[in-house]
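Written out below as C-alpha cells is the structure these notes cover.
The chains carry the letters A, B, C and D, assigned in the order they are written, with residues numbered from 1 in each.
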Amino acid sequence: MPYPTAPADVFGLWVAWLLMLMIYSYPLYKENPVFRFAEHTYIGVMLAIMLVRTSITTTINMVAPPLMKGRLDYIIPIVLGFMMYFLLSARYRWISRYPIAVLVGAGFGLGMRGVLIPNILNQVISTITPPATGAGAVDWWNYIYIAIGTICAVMYFVLTWEHRGAMGYATRLGRWIIMIGLGAYFGNTVLFRMAMLSGRAQFFLQVLKIAPM
Amino acid sequence: MAEVLRREVVYLITAIVTVIMFIEFFFVGTWNVAEELRTWATIIANISLGLGAVRLLSEHAKNIQKRRAGVWPFSIWLWIIFLITILSGLAGYVTTHDAMKNPLYNWLFRWPYTSLGQTLYAITGFYIFSAAYRAFRARNIDAALLLIAGCFVILTNAPIGGVIWGGIPVIGRWFLDYGQAPAMRCFLIVAAFGMLAYGFRALLGRERGFYGEVAGE
Amino acid sequence: MVKKEEENMAIIISGRGMALVILVLSYILFYVFMYLGRKGREIPVRTLPPMAAIPEGIGRAAEMGRPVMFTPGIAGDLNDPTQGPQVLAAISILGYIARECARTGVKLDVFMPIPTALPLTEETLRTAYMAEGKPEEFSPDMIHFIAGQSPYLTAVLGYFQRERPATNFLIGGFYYESVVMGEGGNTIGAFQIGGTANTHQMPFLVATCDYVLLAEELYAAGASISKDPDILGCLRGEDIMKFILIALMIIGFLLGFARNPVLINALRW
Amino acid sequence: MSEEELTFWEKLARIDRRVFYWILFIGLMIPFIHPIVFPIAISPSTRDLYEGIKEMVEPGDVVVMNIAFGVDAWPECMPAFAACTKLLIKEGAKIIFWGAYYDVDMTYQEVLRRCEDYFKNLKYGEDYVYLGYYPYQEAAVAQLAASIRSIFKTDNYGTPLDEIPMMKNVDKATDIKLVLSGDTGDVCDYYIRQWRIPYGTPVAEIGIAMLGSSYMPYYRSGVLFGMSVGVRGGAELEKLIGEPAEATIRMGAINISHILVVIAVILANIGYFASRRK
C-alpha cells in the first residue's frame, strides 16, 4: 500500500500504529489499561464485522437467489438456524439440538469420508512407493527411513496392547521419530511467525517514514 | 414422547445426514440432497453467530451493570464501538448492497480491524521465541532430538545458515523433506482412525458426550 | 459426478473402492469389539497421563483458590470435517472437567469462540453440575463467547493476567492461538493440559503444556477415564486396523525393493 | 532457590522473556533500514511449482488463484502470491481470483498493485476476473468444483458470469487448468479433497511456512504438484522469475530473528546444564 495522503487515511494509519503498540504492550510489558482498551475495541469491531459479513451479507446472498426462484426448501435452513436461538429459553432449550444435529452429521459425514483417501490410503501408498529407477543409495535410505519410521510411529499409538518386547523397542523408536517430526515442524513455523512479526516491525518504521511504504 | 424428541430424533438426524454424505461419496449417481444439506449447514452456522453476539453483548452489559472492577468502562466502550461498526455496516448494506461502501465502516475495516488482525497474528513471533527458549532444552533423548531437528531447520530456513556452514541446509532440508515425514504421516493416519471411531459411535448414537450427556453414564 | 460413459455400469466411483473397504472393515471391527466389550470382555487400555492429570490440575486450582480455564480453539465450526469432531471430543472432555470442578467447588471459565457449539457446551456444563448435585452453581455466564480468532486470543490473554487461572485446558481444534495461549499461560505459571489432532499445532502444545493429548488420543481420552465398553471396543478395533495397515506397509515396503506395484494398484482401486 | 544463589550461567536459563521480546522486535527492524542480503538456494518444492506452471500452462488456459489468507498474513503470503501471478501472466494464463477471507477485496487490490506492470496490458473480464468472497468451508469448495455458478452468480462487481468473456465455457473443476492456493489455514485440504481427488485438477500450495510441513506428505505423494513455503518460497520465486522484491528484503529480518532464536536456545542449554551439574 502506498503512504496515504487523504486526512482520514493518515489518521487511520496512526490509529493502526497506536493500536499495534497498545497490543504489544502486553508481551513487552504486561496487562494494562491500554491493552485492555485495544482488546475491547477489537472484540467489538470484529463482532460487528462478522455479523455484517457472515450472518447478514453472506446468508442473504446464499438464501435470496434460490428463494426468488421459488425454491421454498431454502426456508428450512433459515428456520433451523433460528432454532439455535431457543438456547436462550430455559423451557425450549432442547430445540436447539436439531440444527446442531444437521451440523454434526455434515461434519462427521464429510470428515469420515474425507480422511479415508488422503489420510490413510495415500499415506500408505506414498510410504511403500519405492524411489524411481536410477535412484541412488540416499534415496533408498530415505525410503527405508520413512517406511520404518512410519510403522514405528503408528505403533506408538497402539493403546490397547502393552508396549513390551519387540514392540517396546519399536514404540521407543516411534517416539523418537515423532520428536524429530515435531522439532522440524516447530523450526519451520519459526519462519512464518518471524516473517509476520517482521511485517509489523516494518510497519512501525513505515508509519514513521523511516522505511519506504 | 418428549424424551424421544429430545434424544433419539436428534441422533437419528445426525446419522441420516452422515449416511447421505457417505452415499454421495462412494456411489455413482447424482446426489443433490447432499449438496443441499451442506449449503444448509453453512447457512445454519452463519445464522448462529447472532446467538454468540447475544451472549457476548449481554456479558458486557452485566459487567457494566455490576460495575465490575477494572473492566466495566471498557465494556461500555465495547458496546459503543460495536454499535458504531454494525450500524455503519448495515447502513452501507441497506443503501448500496455493499457494507464496504459506507465510508465509516470502510475506515474501521481498513485501519483498526486490519491492523489489529496483523498485530495479533504477528504476536506469535514473540511467543514462539520464548517457547523455543523454554522447550528446546536437552533434558533427555526425546527433548534432544526435538532440539536438534528444530535448530537445523531454523538455520536452514534462514539463508545465513548456509553461510555459517554449508552442511546446515543439507541436513536441515533432510529433516524438512524426509525426517519429519514419518511423524506427520503417522499423525494423519491415527487421527483418521480416531475420527472414524468417534464418528461411528456418534452414528450409532452411542457417543453423546457432546450432547451434554456424561460419558459412561 | 465425473463418470465417463463406459463406466456407467459401475456402482462405486472408481478410485474409492478401497476407501469403502477400509470404512466398512473399520466399522465391522469397531462393532465387534464394542459388542464383545459389552459382553464383559476385558480390554486393557494404556492410561493417558493427560487425563490422569486432570484431577491434579483442578486440585491445584482448589488449593490456590483460583479458577480453571477451558477452551477448545477456534479452528472450525461443527460442520467442519476436520475440526468439528475435535471440538465435539473436546466438549466431551469438558464434561469430565466440569464435574471435577463442581465437586471441588472450583470456578470454571470456558472460552468458546464457536457459536454453533454454544448450546452443546451449555448443556454439557449444566448436566455436569446437575450430576454432582449442584445445579444452582451452574450459570451460562461461565461460558464466554468471543467472535473471531484474534479477538478471542486477545480476550484470553487479557483474562490470563486479570484472573490468573491456576490450570488451563487447551483441548480441541487449534490454530495459531495455541502457541500464544500456551506461552501466555506459562507466563502466569499455570498448569496446562493440551490436546489437538491438528498436526500443525502439536509442536506448540507439546512445547508449552505439561501434558498433551496427541491425534487419536484426543478422541480416545474418554476411554481412559470412563472405561466405557463402547469406547474401549472402538479403540481395540482401531488398533487392529493399525496392525492391518502396518502389515500392508511391511509387505508393500518389501515389494518396493522388487519394484512390484501390485499392492499400490490394489490400494488405488 | 532464591535469586542470589544463582550463578551467572544459571541465570541464562531464566532470562525474563520480555528481554528477548525487546531484542527481537528491535532486531527485526534493522534490515528495513539497512538491507542484509545473503544468497538463497532454491528448494525442490519451489522448483517443481515453478516448472510445473511453466510446463502445464498454455496461453489461454484458465487457472484459479485462491486467496485463503487475510490481510494479516500479507508479509508471509503476498510475495509468493504476487510472484506466481506474474509467472502465470508471463505464461499467458487467464486468471480467476477468488477468496475465502473477509478482507479478500483488499488482498486482491494489493495483488493488482504489486503486479501493476503486468496487469496494465491485460483486460479485465478477458484476461483476469475477480469473483470475490465465498464462505470458508469445505462444502463451498466442493460446490465450486461442481459448478462455479452455484456459488458465484456474478463477479464481484455484479456482472453475471455468462457475460464475462473468459468465463463463457468455464464452470467446473475440469475447466480449470490448475489451482494455486495461498493459505493460512487448511483450505488447500478442501481443494485436495474436492478438486484434486475427484476431478484430478492439479493443485499447488503457496501459503505460510508451517503448511510446508503439513503438506509435505501430499507433495511427496504427488497430490500437490509443487509448493512454495512461506516468505522463503516467495524469495525463491522472486529469484526464479528474476524480480527481487519484498521477500528478498524480508529474508534479512528472517536471518536476524533465526539467529536470535538459536542464540537463545544455546543460552538456555548452557544454563540448564550448569544448573544440573550443581
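Here is the rule we use: a residue touches a chain if its C-beta (ideal position, glycine included) is under 8 Å from a C-beta of that chain, and two chains touch if they have at least 3 such contacts.
Everything quoted here is computed from the prediction, not taken from an experiment.
A.B. asks: List every chain that touches both chain A and chain C.
C.D. replies: Common contact partners of chain A and chain C, which must touch each of the two, are B, D.
A.B. asks: If you count the contact pairs for each chain pair, which pair has the most?
C.D. replies: Contact tally peaks for the chain pair A-B.
A.B. asks: Give me the ID of the chain with the smallest distance between its Cα centroid and the all-protein Cα centroid.
C.D. replies: Per-chain C-alpha centroids compared to the overall one single out A.
A.B. asks: Return the distance between the CA-based centres of chain A and chain B, expressed in whole Å.
C.D. replies: Chain centres of chain A and chain B, defined by C-alpha means, are spaced 5 Å apart.
A.B. asks: Approximately how many whole Å separate the CA-defined centres of chain C and chain D?
C.D. replies: So the centroids are 29 Å from each other.
A.B. asks: Rounded to the nearest whole Å, what is the centre-to-centre distance of chain B and chain C, using the mean of the C-alpha atoms as each centre?
C.D. replies: 14
A.B. asks: Please report how many Å separate the Cα centroid of chain A from that of chain D, as a whole number.
C.D. replies: Those two chain centres are 15 Å apart.
A.B. asks: Two or more other chains touching the same residue: where does that happen in chain B?
C.D. replies: Those would be 22, 25-26, 38-39, 41-42, 44-46, 48-51, 53, 56, 70-71, 109-110, 113-114, 116-118, 120-128, 130, 132, 134-135, 146-147, 150-151, 154, 157-158, 176, 180-181, 184-191, 193, 195-196, 199, 202, 210-211.
A.B. asks: Give me the residue numbers in chain D that touch at least two other chains, ranges are fine.
C.D. replies: 17, 21, 24-25, 28, 72-75, 135, 137-139, 189, 197, 209-210, 212-214, 217, 220, 232, 254, 257-258, 261
A.B. asks: If you look at chain C, which of its residues touch at least two other chains?
C.D. replies: Answer for chain C, listing residues that touch two or more other chains: 1, 13, 15-16, 19-20, 23, 77-82, 85, 88, 115-116, 118, 120, 122-123, 146-147, 150-151, 154, 162, 176, 179, 183, 199-200, 202, 204, 206-207, 215-217, 220, 235, 238, 242, 245.
A.B. asks: What does chain D use to touch chain C in their complex?
C.D. replies: Listed in rising order, the residues of chain D that touch chain C are 17, 72, 137-139, 174, 184-186, 189, 197-199, 210-211, 213-214.
A.B. asks: Residues of chain D touching chain A in their complex?
C.D. replies: Contacts found on chain D: 17-18, 21-22, 24-25, 28-29, 31-33, 72-76, 102, 110, 113, 133, 135, 138-139, 153, 189, 192-193, 197, 208-210, 212-214, 217-218, 220-223, 229-232, 250, 253-254, 257-258, 261.
A.B. asks: In their shared complex, at which residues does chain C touch chain D?
C.D. replies: 1-2, 13, 15, 75, 77, 79-82, 150, 175-176, 183, 187, 199-200
A.B. asks: Spell out the part of chain C that touches chain B in their complex, as residue ranges.
C.D. replies: 1, 3, 7-8, 10-13, 16, 19-20, 23, 26-27, 30-31, 34, 77-79, 85, 88-89, 91-93, 95-96, 99, 115-116, 118, 120, 122-124, 126-128, 131, 140-141, 143-147, 150-151, 153-154, 162, 176, 179-180, 182-184, 186, 197, 199, 202, 204, 206-208, 214-220, 222, 225-228, 230-231, 234-235, 237-238, 241-242, 245
A.B. asks: Show me the residue ranges of chain A that touch chain B in the complex, using the header's touch definition.
C.D. replies: 8-9, 12-13, 15-17, 19-20, 23-24, 26-27, 36-59, 62-63, 73-74, 76-78, 80-82, 84-85, 87-88, 94, 97-113, 115-116, 118-120, 123-124, 126-127, 142, 145-146, 148-150, 152-154, 156-157, 174-191, 193-194, 196-200, 203
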